[in-house]
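Okay, structure first, notes after.
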Amino acid sequence: MAILEVEDLKVYFPIKAGIFNRTVDHIKAVDSVSFSIEEGKTYGLVGESGSGKTTTGRGIIGLENITAGKILFDGVDITDKKSKTKDIRRDMQMIFQDPYSSLNPRKRVFDIIAEPLRNYESLSKLEEKKQVQELLQLVGLSPESILKYPHEFSGGQRQRIGIARAIALKPKLIIADEPVSALDVSVQAQVLNFMQDIQKELGLTYLFISHDLGIVKHMCDDIAIMYKGRYVEQGTKHDIFNNPQHIYTKRLVSAIPDINPRNREKQFRFRRDVQKEYDESYDDYFDDKGLAYGLQPISDTHLVALPERG
Amino acid sequence: MWKFIVRRLLITFPQIILLSVLIFLMAQAMPGDALTGVIDPNVSLEEKEELRERLGLNAPWHEKYADWVGGIVQGDFGQSFRFKMPVTELLEQRLMNSFWLSLMTLLFTYLMAIPLGIISGRYNDTLLDSSITGYTYLGFATPLFIFALVMLWVFGYQLGWFPTSGSVTPGLEPGSMEYVISKFNHLLLPALSMALIQTVSTVQYLRSEIVDTKQKEFVITARAKGASESRVYNKHIFRNSLLPIAAFFGYEISFLISGTIFVEKIFGYPGMGLLFLESILLRDYSVVNAVVLIFGVAAILGALLSDIILSIVDPRIRIK
Amino acid sequence: MEANNVNIVEQTQDPSKSPSGLRILWRELVRDKLALFSLILLTLIVVFVYGVSIILDQDEIVTVDLFAIHEAPSEDFILGTDYGGRDVFGQLIIGTRNSLTIGIAVTLISGIIGIAFGLVAGYFGGHTDNTMMRVLDFFQILPFTMLVIVFVSIVPDYTILAFSLIMAVFSWMGIARLIRSKALQEKELDYVQASKTLGTSNTKIIFREVMPNISSLIIVTMTLNLAANIGIESGLSFLGFGFPESTPSLGTLLSYATNPQTLEFRWWIWVPAAVLILVLMLAVRNVGEALRRATDSRQRRG
């Protein structure tokens, strides 16, 4: 069963001008996006910066106002901000991109991780402490560090604290907004593997937002590619990586670095070909405003933005 | 730019209306009403009540407010019950005195601020700059009334260079040369006292502006192109730093207002500030309200003027 | 370089303390000679003034003694007497205490109003912010001195508390503006967003999450405001619209100088009060400026 269903989501930011600050136009950060995530799966949302992937995630959890569309969570309509009741918030959590600004520098680790617990569960001081320590252990940090401040940890450790906070309430869905892009490459894999472990352990569903196709390939079951607020292509991992249809997707896939030096020449030629195809067939894949067309199904799982035929 | 000015004007009117409502409500809270001043104590209570009714003093507050505003628009601020004359007449002379005092203060303020600020900024971290900075440091912390007292004590009483009270030597023919000189003479010390304190923030602003601008790319480029030092200052630095200062004078009005209250009191200078204090003590509230309203509107218009000038001079502030 | 080492040593010694905020403020304060001197001086004045005024009997000092009018400084009266034969030195002590107390009270009250206003406007932003800022603009443009004087003269039960409240109502705007612009920046940070997704209420986020992060700005502004408020209070008392004469303030002593005779010949009545006001304001300001430098890492001295 789908735990999250998004239908025709639109998030527009107004452009204001004039004497009365009237809205004269909109920036269409997210423009008619639809998808659904199955329970226990990881859904990857990929795009360059400004493509609207982060806004999509923030719109779902209620950090941005939704202009139009419908969001169903566990079968319940949570489109309206007011309908994001405490229970919904409890089941849907977020991991932020920047582990430095996402932890309040004035609070101890204990208070940071206990914040959701205090909002939802009335635990005794002792139980609370025990839970926080368990959570710390779960994310691989020493339970003794509860009295430390965030600045005493490394970036990777801080992100683990952020994850501990997000899973404290045992949510069903976690929106992970570029959870590792602020980390050193050496730490990224560590955090990602840990996220996968925890997913199995707690049966989590991830909405995984990233600009890095390599990471998405490693993490996700289903993948969507976004460009200028619209979906370009959506499909299973296999669909996207082995059978990319849209020229934009092809270009992204071809850009994934290959560490084998023997393939260097081949890789180079491949990229040049893709670039050539991209330049030649740009008009076939984007409308006159440079936006992607509507999605057309090409298999049960695979959708591609193509001009309507005929 | 026009958009900004129109939007700014649209904010100004509600401000003035709110101010008038506030003053009106204050007036309602004050003991006594217009009749307290007009009528002699022998009139019986019934007659007073009847008069009240006839004059609309028992009307609901919004009608009274409309009446009051209507009067003001026609220049009628009511009667002063202590001086037994229309407030408007009473204000006239005082307003002129305060106007000259303010004008003189502004003049001195800029006459001092501009050279001091420029010297301080151009030769920053020299001995000269340090002494100017020292002056601004002290001036910033010194309350105006203490400084004015000291000025009066030193230059008025100890050295006897200036008159110690009033706005003109009594007995002189108005309009004569001596009369004008005497007026000027009475203005000097109060205006100087105010200006010496008021100028401090402008000097500080100008100094830091110039020090900042000196390090900007376009100034360095101008120097690199071989422009002479004075040309760099005249063409590049002043244009960027001086113009905003010219626009600040509207904001200075609120400082001038509170300044005149203290300075006029200390120097016994018969302007609006002193009138305000006297009327408060005499409980002559129609005068008090008129003075507060005039000063309040002056401050609002001053800020409006400064905002508009600034928006012309500095396009950055228009964005908001 | 040396400073960095000190920093590291301190951290390793006491890893549970946050180095941000208060500690930096304190370290910077101690390193700034002038500010340190000012702080010590202030502490001495405060201790002396509050200490001595416990011993002094305010009623006795403000009681008129017609046999000792306008006496010059002598052994009986260190700083002479005023026109009512009251001991100037005693009034100076009690006046300083009263001025300080009211200064602190006004700073706190206006601070609380301003901080709450600024936090709410900045945190919510948008229309809320817009409307609140228009209100603030209006308050800021009002002729402060005049309105305080009018209110002081029409309030029926005129007490020290009433005076503080009147002053605070017309002087919360500066700090509100500063706090608001800081809160506008702060609310964009992820920790605030995180708190929202964790189900923390707005009130809690504003006061428990955002406010602690701008505490140094609050401390600095409040300190600088204290200096200004001491000046404003003494100014109003000077005009006769501060405390009643039975409760002397430093401004009350200065107001005796509106009598030309006193101004010209009896300096002992008003000069000490003038000097004290100046010293107090400068000292508080020095401390405040040092704190301000400490919050701005580019200007730090240490």
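The letters A, B and C name the chains in turn, as written, and every chain counts its residues from 1.
The working rule: a contact is a pair of C-beta atoms (placed from the backbone, for glycine too) under 8 Å apart; a residue touches a chain by one contact, two chains touch by 3 or more.
The chain lineup, named per UniProt: A = ABC transporter ATP-binding protein; B, C = ABC transporter permease.
Fair warning: this is a prediction, and the values are worked out from it, not measured in the lab.
Taking the mean of all protein Cα atoms as the centre, the chain whose own Cα mean lies nearest is C. With centres computed as the average of Cα coordinates, no chain lies farther from chain B than A. Rounded to a whole number, the gap between the C-alpha centres of chain A and chain C is 49 angstrom. Centre to centre, using the average C-alpha position, chain B and chain C are separated by 25 Å. Chain A and chain B have centres, each the mean of its CA atoms, that are 58 Å apart.
Of all residues in chain C, only 134, 137-138, 141-147, 149-151, 153-154, 227, 231-232, 234-235, 238-241, 254, 257-258, 260, 263-264, 270, 274, 277-278, 281-282, 285 touch chain B in the complex they form. Those residues of chain B that touch chain C in the shared complex are 11, 14-15, 18-19, 22, 26, 29-31, 138, 140-146, 149-150, 152-153, 157-158, 164-165, 254, 257-258, 261-262, 265-266, 276-277, 280-281, 283, 288, 291-292, 295-296, 299-300, 303. Residue ranges of chain A in contact with chain C, taken from their complex: 58, 61-63, 86, 89-90, 92-94, 96-98, 101-107, 115-116, 119-120, 147-149, 151-152, 162, 165. Listing the residues of chain C that touch chain A in their complex gives 11, 15-16, 18-21, 189-191, 193-200, 209, 212-213, 215.
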